[in-house]
Amino acid sequence: MLSSKIESLLFVAARPMSMKRLAEACGASKEEVSAALDEIMAAYNVDGRGIRVLHNGSEVQLSTSPDNARLVQDFLKDETTGELTKPSLETLTIIAYRGPVSKAELEQIRGVNCSLILRNLLMRGLVEAQGEPYDPQTTFRVTMDFLRFLGVAGVEELPEYDKLRSHENVVRVLEMAVNKAENAPAEAGEASPTEEAPSQDPA
Amino acid sequence: MGYAVKLDQFEGPLDLLLELIESEKLDISTVSLAHVTDGYLRYVHEHPEIPPEELADFLVIASRLLFIKSRILLPFLQGIAEAEEGDLESQLRIYKEYLDASKVVEALIGKRRFLFVHEKLPHVDIGFAPPKKLTSSMMAELLRGVIARLEPLVKVPRAVVEKTVSIHEKIRQIQSLIATATSVRFSSVLADAQSRTEVIVSFLALLELVKQRTVTVSQDAMWGDIVIAQVEAAA
Amino acid sequence: MLSSKIESLLFVAARPMSMKRLAEACGASKEEVSAALDEIMAAYNVDGRGIRVLHNGSEVQLSTSPDNARLVQDFLKDETTGELTKPSLETLTIIAYRGPVSKAELEQIRGVNCSLILRNLLMRGLVEAQGEPYDPQTTFRVTMDFLRFLGVAGVEELPEYDKLRSHENVVRVLEMAVNKAENAPAEAGEASPTEEAPSQDPA
């Protein structure tokens, strides 16, 4: 039974698992895996359960439930405090709500070059790149680890997710930014220490 | 007056702008953007410690603020400025939405409803499992790739320092240009500009001079070259 | 809710737990724990579930269901013996050339978090930790087995060892990290909620 197999694999994997990997391992199609996962999530992600199924993009992972955070933290003698600096929080928030998001979009919203803060968040495992971090086409999203800080099973559980994600103005301004970038590709690179390939060193 | 804004706490130009507007208890609008332009510029002038790699970002916003403000000084900019205003205004609104959301996110993390996973893989006796095709020369190649990727990270910041031109320096440059001629074309000011930042800084400096009534500017046609003249020499 | 708490603890412990320990951790009596466990077992130990509650004397443990034993074995074998990804090979290479190297230094050089990759390299016997794997002071180096596999007697025999090991870019990026650490007090975030209890030694 597929949902049983998936449950077993999620339990032993001890890392975020992609649907693709699950499909391969179980010899099933991605659609079948996706349907089985919906079933599993519906069973776990309810009040009164001690285990949650987290989902991030096409990845899933099991974790403890938020209600038992204190108990588990004491049991593990874990010292996580979850403190983040203001730029980290700001950047993580935008990526959580808008992800997957490119560096250009991120910079359009923050009005400031984000190379270093992105690098910092990548190193700490709070953000992950889909592609090479320095490729301008690369998009970023938050990691399962960041969801675990927040205590949510997926970004959709964030307050006002739909509103902030598809905000009419955001979409419009981002489109403008993207058009601008396409018309004047050199302009983005001015002061950014990391985004250029070595060969493109701005003179 | 009244820009009692705490220093060194800005995550970027939009953050500064928002703080200036809010400290005046204004809403985000074109009028309030024009209103805080001087305060913004003063902040940038008075904080040479803004890291050079961030200064460019501050200057981009400064130039957009000046566009907005300059409508009062340079009526011929009317049509052009409007688009810039709407742009910056909505950009700031969006920034504010995410800034507010980041406070909600901070509160969420503050609740410490952390989710835990077990990271231990069940014990499997696998002994030694090397990557079969890997050779030491492939490793050298991989490491060269890693090293190349670090290049912009370790090299560019210095280049930025050399490139960024301070507004003051540019003002002096324009002033000395006009001192030797009665009038000068803006294009000649830009002739040796190395980067977009420098162009912006030049324009910024020009608008500063106009504001200080040191020079007047005129333009024959929309998008035409701007002629700068000393106030005494102006008709 | 007691059964939720027990479920969380069993999940995160991933090893046998005594009823006594569970009762202590949850602040409940052994009778209450026993009753809650009966409930949990009734929910898990049915056909079609991928996770089982094993009960042995006074000890309980979560485990995968026997129906999926083969699948789980194959999956784990593939996780630990399958081809290494490029990021893994890159990490292994940096450890070879720069070892002994700390996780923080490794991440500074690669610009991304290396926790999962390190765990995998440790399990494959390619890398060894000098100290507890989760202690930030711990350094990593490649194993003798790996050197033998490459056909070298020591890392010094790797091609262009001195030049690549101490390349200016590598030295600089590590210096940048040191300067940054001195100027800005560390954020607590590196510790994601997984930073481990000593009992969870992954090696």
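Labels A, B and C are assigned to the chains in the order they are written; within every chain, residues are numbered from 1.
One rule holds for everything that comes next: contacts are C-beta pairs under 8 Å (C-beta built on N, C-alpha and C of every residue); 3 or more make two chains touch, one makes a residue touch a chain.
In this text the structure is predicted, and so the values were computed from the model without any measurement.
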| item | value |
| --- | --- |
| Pair of chains joined by more contacts [C-beta pairs], A-B or B-C | A-B |
| Centroid comparison with chain A (C-alpha atoms), farthest chain | B |
| Innermost chain, taking as reference the mean of every protein Cα atom displayed | A |
| Chain A-chain C separation of Cα centroids, rounded to whole Å | 20 |
| Chain centre separation (chain B, chain C; CA means) in Å | 42 |
| Chain centre separation (chain A, chain B; CA means) in Å | 27 |
| Chain C: positions in contact with at least two other chains | 8, 11-13, 72, 76, 79, 111, 193-194, 196, 200 |
| Residues within chain B bordering two or more other chains | 114-122, 149, 151, 153 |
| Touching residues (chain side chain C, partner chain B) in the complex | 8, 11-14, 72-73, 76-77, 79-81, 83-84, 86, 88-90, 92-94, 96-97, 109-111, 119, 123-126, 143, 145-146, 149-152, 157-160, 164, 167-170, 172-173, 176, 193-194, 196, 200-202 |
| Contact set on chain A toward chain C in their complex | 1, 3-13, 15, 25-26, 48-51, 62, 64-65, 67-68, 71-85, 88, 119, 122-126, 128-129, 133, 145, 148-149 |
| Complex interface listing, chain B residues touching chain A | 11-15, 52-57, 60-61, 87, 90-91, 93-95, 97-99, 101-102, 104-106, 108-122, 148-149, 151-153, 155-157, 159-160, 164, 194-197 |
| Sites on chain B touched by chain C in the complex | 114-122, 124, 126-131, 134-140, 142-147, 149-151, 153-154 |
